[in-house]
Amino acid sequence: AVKPTAAADGSATDKSLNWANWAAYIDEDDSGNYPTLQAFEEQTGIKVNYEVAVDDNNTYYGKVKDQLALGQDIGADTVCLTDWMVARWIRFGYTQELDHANIPNIANLSPALRDPDFDKGRAFSLPWQGGFAGICWNKEAFPDGLASVEDLWSSELKGRVGVLSEMRDTMGLIMLQNGVDIAGDWGDAEFDAAIDVLTEQVESGQVRNIKGNAYLEDLKSGDTLAAICWSGDITVINAEAGDKWEFAIPDAGGTLWNDNFLVPIGSTRKTNAETLMNYYYEPEVAAEVAAWVNYITPVVGAKEAAAAIDPELAENQLIFPNEETLSKAHIFRSLSGAEEQKYQAQFQSILLGA
Amino acid sequence: MAVREFAERGADLELVGIQKRFPGFTAIENLDLTIPAGSFFALLGPSGCGKTTTLRLVAGLEEPTQGRILIGGKDVTSTRSHERPVNTVFQSYALFPHMSIIENVAFGLKRRRIGDPLGKAHEALRLVELDHLAQRRPQQLSGGQQQRVALARAIVNRPALLLLDEPLGALDLKLRRQMQLELKTIQEEVGLTFLHVTHDQEEAMTMADTVAVMNKGAIEQMGAPAELYDLPKTAFVANFLGQSNLFSGEVAGSTDTAIAVDAGGARLVVPKARAHRHNGAVTVGVRPEKVSLHVEAPVPSSERNVLGPGRVLDVSFSGVSTQYLVDVPGHGTILVFAQNTGSGPSVGVGAEVWASWLVEHGFGLDDGAVEVERFAADDSTTSIAAQRRDDLVAELGEG
Amino acid sequence: MAVREFAERGADLELVGIQKRFPGFTAIENLDLTIPAGSFFALLGPSGCGKTTTLRLVAGLEEPTQGRILIGGKDVTSTRSHERPVNTVFQSYALFPHMSIIENVAFGLKRRRIGDPLGKAHEALRLVELDHLAQRRPQQLSGGQQQRVALARAIVNRPALLLLDEPLGALDLKLRRQMQLELKTIQEEVGLTFLHVTHDQEEAMTMADTVAVMNKGAIEQMGAPAELYDLPKTAFVANFLGQSNLFSGEVAGSTDTAIAVDAGGARLVVPKARAHRHNGAVTVGVRPEKVSLHVEAPVPSSERNVLGPGRVLDVSFSGVSTQYLVDVPGHGTILVFAQNTGSGPSVGVGAEVWASWLVEHGFGLDDGAVEVERFAADDSTTSIAAQRRDDLVAELGEG
Amino acid sequence: MAFAAFATAEAQPQAPRKSSRIALFLLLPGILYLVLFFLTPLVSLLLTSLQAPLEYGDIGQYQYAFNWQNYVDVMTAYWPHILRSFGYALAATVFALLFSYPLAYFIGVKARRWPLLQSLMLVLVIAPFFISFLLRTLAWKQILSDESFVITSLKALSLLGPDAHFTGTPFAVIFGLTYNFIPFMTLPLYTALERLDLRYLEAGSDLYANPFTVFRKITVPLSMPGIVAGTLLTFIPAAGDYVNASRDFLGGPDTQMMGNVIEANFLVLLNYPAAAALSIILMAAILVLVGVYVKRSGTEDLL
Amino acid sequence: MSGEVQAAAVLGGLAESEQSELSARGRRSNGPTRQGRIGLGSWLLPTYTILAFVFLLIPIVYTFVFSFNDSVKSNIAWRGFTFDKWLNVCNVEGGAVCEAFANSVIIGVVATIIATTLGTMIAIALVRYRFRARSVISLLLFLPMATPEVVLGAGLAAQFLAVGVPKDMTTIILAHTMFCISFVVVTVKARVASLDPALEEAGRDLYGSPAQVFWRVTFPLLTPGIVAAALLSFALSFDDFIITNFNSGSVSTFPKYVYISASRGIPAEANVIASAVFLFALVLVIGAQVSRAARAKRLAKLG
């Protein structure tokens, strides 16, 4: 297929920026303002329209893919998407090449994240936050807590369990529980075995909710008492709705991922987007965001900045995981197009309850 | 429901002290009525006088506020509509549009679980000569045919009493006359009791054995049609049942057999036997077809009342007869009908004429002096217009 | 549109060789008609005979397949409706519901840019005595009032020709009679040419100067009402305009002034002047009101035709008159009307009677021997039913 | 044609007119519009449904082919959803009918005497329209969530089992569909019942039918056009709905309907041929069902 | 959503003129209002009706009540009463709610204007002219109503993609217009059919040229039907989510906003907007009814 061409940049005159992101993914004060963003606006004069528009990588892609294919504006000048989805965008030519000269702070990018195989040298993307997928539960209902994915299948939780619609997290956790090294060289057999587990739990009604970031609403309403979750989210809803939930990486391990900034092909405000990225790569800013969202920051120096705010923060394993924590987290290996199609279809058919 | 065969012949109907109040309106004040079995009874009256309400009470579609209803001697006042041995031919026919003709006719029989409903229904259709259309839907029939189906649908049940609510109201004149004949024939054939409601006086007179004239919820006069026509008791009846020339005055003298009334200077003699009142202020009258016109002053005679001279105001030819409007000073306008037999004088507008009639053709009303109106007030149209406005108001209110 | 003042008086209307075909149906075969200016002309005929079609052709709402239309001598055949000096009072009145009465009446004037449309409209409303309701909407008026507004709306334009399509059809009898009078009065006042369509023979006869009886798209007879009634030319006219007793037979002899017809054994004499045919198979007739009944055989006389003896089949009293049906062997059923003047014999069912009428009252039709039908075929309902069915079929086919 | 029966006014006999040039002028823009934006997409949908994956292509890349197999594949993969869709839609239709008939009867027949009340009730029936149907559905989701007052009370009263729940169950989806389409059912029923000539009911009772028989033999058949219209207006959109059954609203993994499958294939799996084939199947099935239904209920003239 | 034709009838109450009263009168007059003894128990049906309305209004009341919730982000638990959300509707998320709402209104208005124009033209042609393609055209108009929205939405989306049309406000409007046309045709057709052709003939007879007759007679008489159709069409467009979702690209509409925020908690501001629309519509409809009633009373006095 012909790749679309990038739109011309109008940032010089157009001081605005649309940023699409996931829920509970930026610092937010009680009145619903985003302090770091406000500071950015004051500092640069760029008016940012921050939209919580991503619930799930696939559904977001589904919504914008047609415009992307035509090289049109998708209503966002930068979006934060997960590695594997970013890989697809880059492959299809749906992203604009970043001008590193506009992002001097890229120097603060954690060395481990500089050369992912889907974007050598970070020509097209830049990490926003990373995190774990693990398990979480309602502390009021389960003071004793859960330790493994297996615990989600307990009869006490029947109908009150949620899993993520993000295949790599949900399947990753189950495969880990099955003893599979998800980063390693697994194949259909391993995947099928995990699918069987999930199918059984869904069909039996053990798992009722399969959602994207919307799983937070189910936790809040009480429809879900325990779930496969993303690490930082729990801190955020605890802050919002009372300290009711807890997160843990299961015994058998959790997944580790990164969400990355990218500039969609039809955006006319690439420079503004780069200015924003540069801003969030200030260690102090990164620390402030991290303090709120509790996700792993890719910014070197943020730890020190965080320690300055609150020493305890620097020890938070969700933000600054140590080796031991990291050893429990695994990266889901990348999939070929055919694998993607096949595994996604299998997974989706569970979501559809076939 | 229990299988009940209804009377093969009609039954008496008795209404005793019936009153019917609607919220804010008393439709029937105090009604007593007896209709003998097997008769063809017509209830005649202007629009809104309570005819339909009476029928609905008998059918059980409405409950009386007071009074009792007896059919064949049995009190049915609290019996529900579907349990009364009564059937109605509705003004609009009310044929079920979703059923074929034969299904319509068989409906009542099936509800009562009468054996061979279709056979009986076909028989009833044969009676009204529509058996060949048994499979059609009502919408596919002409108005007259629908009317006959409605009749068949009622008759097939052999009800003790058949109610007909202006069943001919929707038909045009020609068809109406034709249906009147058929209805009468069928009644004679099946011998049921017919209670026929109409506001067409000619219809009531040509069809019924007995006519009751109803006005404002009460019965004004009742009797055989010719009797009522010949000797109306009230001005209302005199003008509702055909037209009349009425004259009010004081009784100025009387003999054994007659009274003489001084009306606007003329002396009008009426036989005592034909006058409801014999003294004081009275109203006497004569039918227009009984009046003769004379181009010369007639010789005074004790056998005739004479008025005149007057002047012909209008002559209108209507085929069979010619109508003359004669203005007689002191007596207002007199209406005279002359059949176009080809004999008799034929006068033009403006001619000077005298009007006379035989004493034995006059009648005296039971009313006192009445505000003599030549034509009955145009009740029907006024009420139609009012009705329209009401509909409109309801509509507007409803949105 | 150009400002054009129409004639203050009516204009002649001429239809020449008009034919109108609808897809699959010829409504008018060959119609010639001349209506003199200022006359009140009535077009009378059964339902479906083409009356409305004729009016619509004149109004320009329909184009003739063949033939010419002249108004005041000017050929308007290809002139469009809104350019013809013609106005119509529609059966349904067709008052614009979204305009007030005065706006309705002024509509035509405004379209023609006539000066002071409102003043003229008020004047027209005064003529029909409705000026006080000028600001109302049509729905707020009674049927009779609406009819008068429709009339005012047409008259205000002073059209050369006013077309009235059964404007009284929707009214009840009483109101109808009242409106007939008013219409006639207004026509006399404004002096326009009125072309009035109706299927009510009484209406046509009482209102019009000239009546044309139409049947199956052609005019059967035309003339003054009394003339037509007195001397019908065809069996259709004889029975559509009132009722007739008709007898077919061969002319058996003739004198200078009269022919004698041998009908079923009886010899019926008809004046030559009153017979359209003088030899061969003919049909002669007499109106029922001209026939007298005798309880004894009348003395033969050259002045009277006598039939009998026969037997009275039915007597029906209708107030003003009594109708007798007499079966005379060989002649079928004879209808006799006797006004209830109180004189004359009154006979009962089954009595033996003779019927007679003055020779001068008989008439001879232009038709040959006809299948004598006592009552005209029930055209109207048959065609209504057919029409309904057609509608239905069209509907089904289209859905 | 279809649904004309909902018209509130009686038809007048129309003088058929000739001038087809005017007709053409009147029809052309609208018809062209429909051809362009309804018919053409439908045809390309048909073509898409026959596409095959692009050889060596990436995810979501297809080429024109004549791949009937797509239909077989989606039928095999999704037959439960097809059945479920029609099952839920049918159930919702039946419930909506049962719910609406008495309501419409009251408004259309009993309330005739109070026109103002009648129109007020009609307004209330369509009131839900004024609030976005997504919000209505979410409101139910929250009102009936596991920890909600309603559900906890029912559990406390032991009317519900301890691990019973509402959201995510077939019951919830059918409930949502029913609720959302009640106005679509009530209004046509109302229209039919409002026109119901009560004299037919009186004639029935006059002909010895008891109230129940009158209802069964006269009221119901006479309101048939309303019933047919209402059921169609409920069934068609309900069968194609995907909001109620969506996992974000009232549904769960085992309640997904055709709409959800089509959406997932279009937007998540990027399997356009499958989505298109499913769309065509859904539409064809609905047309067939509607045709049969309308024929059997004897209301063809609705169409 | 299909079939809010009856809703149109009710909404049309806003626009009813005397003409419809005329035609409606005929219909009414065949139903006497007296009801004798026919029907269900005298208290059963009213009770049911009240309960049914309570049920219908639950989510609406819920939505309304929660528009006053002093919530921070998601609006699930009751956290106290506040007017803030009403006073600051447009201040959250950079006014996203209001922007979506404004988009919905614009789209609704434009789609309504186009659909009403095209649909009215078709309706007039269908009733007033005979032509051969009639049944084909009728079918073409019926199909969009019988097609599930997913199919409509997905088909059109695929078509726009294939042709390379960018998805924005225009595509939403095009899509909405498409599904509104059929409903407009049905609604207006009923009106045209009930319009007595004699009225137009009277116009011609009274010297009105064809254009004058159309604008002075035909059009004013069709107005109530056209307005009803327009209101219906606006309601359909305003509440549409499924078709919009497929064809909106990055443009937000109110339902789309609700759908998207459903996954992250709907802010109380959405409830405010929905409640406001609801109240506005309710006041409008009830106001119209009451003024009609008042007019009727005046009229009665006049008589």
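Things to note:
In this document, chain identifiers A, B, C, D and E correspond to the written order of the chains, with residue numbering beginning at 1 in each.
Quick note on the criterion: a contact is a pair of C-beta atoms (placed from the backbone, for glycine too) under 8 Å apart; a residue touches a chain by one contact, two chains touch by 3 or more.
As the structure is a computational prediction, the values presented were derived from the model and not from experiment.
Just count the C-beta contacts per chain pair and the biggest one is D-E.
The most central chain, judged by C-alpha centres against the centre of all protein C-alpha atoms, is E. Between chain B and chain E the centroid-to-centroid distance comes to 53 Å (mean Cα coordinates, whole Å). Rounded to a whole number, the gap between the C-alpha centres of chain B and chain C is 28 angstrom. Between chain D and chain E the centroid-to-centroid distance comes to 17 Å (mean Cα coordinates, whole Å). Counting partners per residue, chain A has 211, 214, 221 as the residues that reach two or more other chains. For chain D, the set of residues that touch two or more other chains comprises 1, 13, 115-116, 119, 122, 142, 145, 197, 199, 202, 205, 214, 248, 266, 303.
Shared interface positions of chain E, i.e. residues touching 2 or more other chains, are given as 10, 13, 21, 24, 30, 36-37, 76, 135, 138, 157, 196, 201, 262-263, 289, 293, 299, 303.
The residues of chain D lying in touch with chain B in their complex are 115-116, 118-119, 122, 197, 199-200, 202-210, 213-214, 217-218, 221-222, 224.
Within the complex formed with chain E, the residues of chain A that make contact are 23-24, 28, 30, 32, 49-53, 55, 64, 66-67, 69-70, 72-76, 211-214, 216-217, 220-221, 240-241. Taken together, the chain E residues at the contact with chain A in this complex read 72-74, 76-77, 92-94, 96, 157, 160-161, 164, 166-167, 249-251, 260-265. On the side of chain B, the complex with chain D involves touching residues 1, 59-61, 80-83, 86-88, 90, 92, 94-98, 107-108, 111-112, 153, 157, 394-395, 397-399. Against chain D, the residues of chain A that register as touching in their complex are 1, 58-59, 62-63, 65, 88, 91-92, 158-160, 165, 202-203, 205, 207-211, 214, 221-223, 337, 340-341, 344-345, 348-354.
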